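Note that the chains are named A, B, C and D in the order they appear, and that numbering of residues resets to 1 at the start of each chain.
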Amino acid sequence: MNLYTYASPANFYHLAGKLIPWFAWGAGLLTVWGLYISFFLAPTDFQQSEAYRIIFIHVPAAWMSMFIYLVMAFWGAIGLAFNTRLSFMMARALAPTGALFTFIALWTGALWGKPMWGAWWVWDARLTSELILLFLYVGIIALWAAIDDVKRGDRAGSLLTLIGAINVPIIYFSVKWWNTLHQGSSINLTKAPSMAAIMLQGMLVMAIAAWLYTIAVALVRVRRIILERERQTDWAKAILEAE
Amino acid sequence: MEWASWSDFWHMAGYGLYVWGSYAVTAACILVEVILLKRAGTDTRRRLKRMQQWEEQ
Amino acid sequence: MHRFLLAVLRRDLTLAARRRGDWLIAQFFFVMVASLFPLGVGPEPEMLARIGPGVLWVAATLASLLSLSRLFADDHHDGSLEHMVLSPEPTVLLVLGKSIAHWLIYGIPVLLIAPVLGIQFNLSWDAILVLELSLLLGTPILSLLGGVGAALTLGLRGGGVLLTLLILPLYVPALIFGAGAVDGVMTGTGAEAHLSLLGAFMMLSLMIAPWIAAAALRVSLE
Amino acid sequence: MPDPLLSVHDLACARGERLLFKGMGFGLEQGQLLLVQGGNGQGKTSLLRLLTGLARPEAGEVRWRGESIRRVSEAYHAEMCYLGHANGVKDDLNPVENLRFADGLHGRAFDQKRAVDTLERLGLSRCLDLPCRVLSFGQRRRVALAALLLAGATLWILDEPLTGLDVHAVALMEGLIRDHLKAGGMVVATTHQALNLEGVTVQRLLVGNVAIPDLA
């Protein structure tokens, strides 16, 4: 079992400990740079005036919410296929941050939508799938919370993540299609306004910052989970005693 | 530079509430997550240590 | 293989026949939820016809959840679920059999009751016909996906509520296509597209859900 | 040397984060009985569930005819029958119907006469047409035993088969096990009670570290 030794929780615990500061500092610096671009370099949009500056967090948060879900599904599938404990722990460590970004995407979406379309909430495909994604995150976290047995929880949560991963694209397209049929809501959200290169750059910097932040937070969380699950082993005992 | 003054900056051409509402809530969310994470970390370590002491007796 | 499937079906149907109260509750729930809406939104016929398809679909969805929490729980409780999983046939067939049995016990009565409720909601005959077709294609989805939720939450405290939380988001496409089909025929845009998408979603659920539910069931029994 | 019919290799089992046992290995041939012993919470039931294939081991594997039971689970389950703490008897059905559905689910043709004979042999002749709900715990256990007999499996895995049985039923159970072993069957069982099994070679397996006095 080669995979098993490489993915050994003990090694990973120490590796993660070394990596966390790098990711955390990287996230902090990039956030500062991203915020500088968002507020001082990016020009006023001629259509949306200053309100568009919300997209510098809205779009990265929406990207992250979906990306984290896919990564969770990936780790879950790896765990189910190869029975690697660490992949389940990664999936668990990512979920709260994924839910957080989903919430941020919804919140900022509402605050952006109000001045732009005159409504806090519209049932368009992206907002609706984001809402369903939040429900999925909450469901997965609730399932983990309800199952005391670690092994069962890991596998059950991963199966739910997988079936959700199949379902989210279907939900997106069904809502999108549903909207094109309902003539009542005439708001067209799919038309992207022409975007200045500097705006795109700001969004990308913020997205990378969010990405590094997610990695840092997930590593902190996975270290805690590892320690909890491995507390019977000698190396974990040594760590606990040293502190 | 887009802004003539600080009050211009906070005003955001009338969209201040929306823009700053977004950024403030995002910052608060991340702050809460980091604090909770820190606290959960120390709690877990303390609990595990306590259990270890108990088991060794 | 099909003999095993038939055995599971016959067993579950016999058990349901012995305990009629259990599945009648779900049907009464369906009727009651649907009847509460006119009281809440007012009796104007146009308004009722407008919301009717959605209300009936949501009520059918909730009623399916009510009966799904029992899908594996009773057999788990008396140990017969373990015996069935340990039979020489694959678990996926067992799950498929139990999902089909659930549909026969819950879905068919919904199909029989829905036209009556459709009349209450002032739906036209065309709309009622399409409602029936959409439920015919859509309720199996509820039974199949619900099997996944029932397997995942097997034996958990508060499993019924958790099941609702896990499965409702997955039902969204069925709800959209199902209620949309009836809407389509009422607004004159036609129902064929909705119905064929609903059928496609049903086929997809049929191909994927039993496998995931079988895996979940084995995980839950460990 | 070929593997015994049922063999266990380097098996480890954990409950939660606690390791119950590891490095377990044994083999069982036709006509042999394995008595699993150990105190409460030492992992007897967990071991039996590993043997059935319901639970998955932390490490190691269980083999049937030299193949991992994960790979040949369908063939294995056709030759194995498990009786756990719960009887697997449906309260809403009468004993005969219970046996009929058990047969159906295992792909066997139902033989009404044989089922009734077996139930009568187990002392249930007076309640053949009563729903199992009204039967006592011991009587329901007998229905489960009838299903075990009718399954015609080579390997019986019995978790506390004597719980809730009266003296007659215990004697009956002992007879059934003896007959099964003589006919070339195999039994893995846990029990807290003494078993009278003269003429049978008993293998013992101690799970955990709490010694238990001889029971058979």
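As a working rule, contacts are C-beta pairs under 8 Å (C-beta built on N, C-alpha and C of every residue); 3 or more make two chains touch, one makes a residue touch a chain.
This one's a predicted model, so the numbers in the text were calculated from it and none came from an experiment.
The central chain here, found by comparing per-chain C-alpha centres with the mean of all protein C-alpha atoms, is C. Across A-C and A-D, the chain pair carrying more C-beta contacts is A-C.
Separating the centre of subunit A from that of subunit C, both taken as means of CA atoms, is a distance of 31 Å.
The distance from the centre of subunit A to the centre of subunit D, each centre being the mean of the chain's C-alpha atoms, comes to 48 Å.
Subunit B has its Cα centroid 16 Å from the Cα centroid of subunit A.
Here the spacing of subunit B and subunit C, counted between their Cα centres, is 42 Å.
Counting partners per residue, subunit A has 149, 231 as the residues that reach two or more other chains. Along subunit C, residues 222 each make contact with two or more other chains.
None of the residues of subunit B touches two or more other chains.
Chain contacts in this assembly follow no simple pattern; the graph is neither a line, a ring, a star nor complete.
Two chains count as a pair here when they touch; such pairs are A-B, A-C, A-D, C-D. Within the complex formed with subunit A, the residues of subunit B that make contact are 1-3, 9, 12-15, 18-19, 21-23, 25-26, 29-30, 33-34, 37, 40-41, 44-45, 48-49, 51-52.
Across the complex, subunit C is touched by residues 49, 52-56, 74-75, 77-78, 80-82, 84-93, 97, 101-102, 104-107, 131 of subunit D. Taken in their complex, subunit A has these residues touching subunit D: 148-150, 229, 231-232.
Of all residues in subunit C, only 145, 148, 152-153, 156-159, 162, 165-166, 168-170, 172-173, 176-177, 180, 184, 189, 197, 201, 204, 208-209, 212, 215-216, 219-220, 222 touch subunit A in the complex they form. Subunit A makes touch with subunit B in their complex at residues 39-40, 42-44, 49-51, 53-54, 57-58, 61, 96-97, 100, 103-104, 107-108, 111-112, 114-115, 213, 217, 220-221, 224, 227-228, 231, 237, 240-241, 243.
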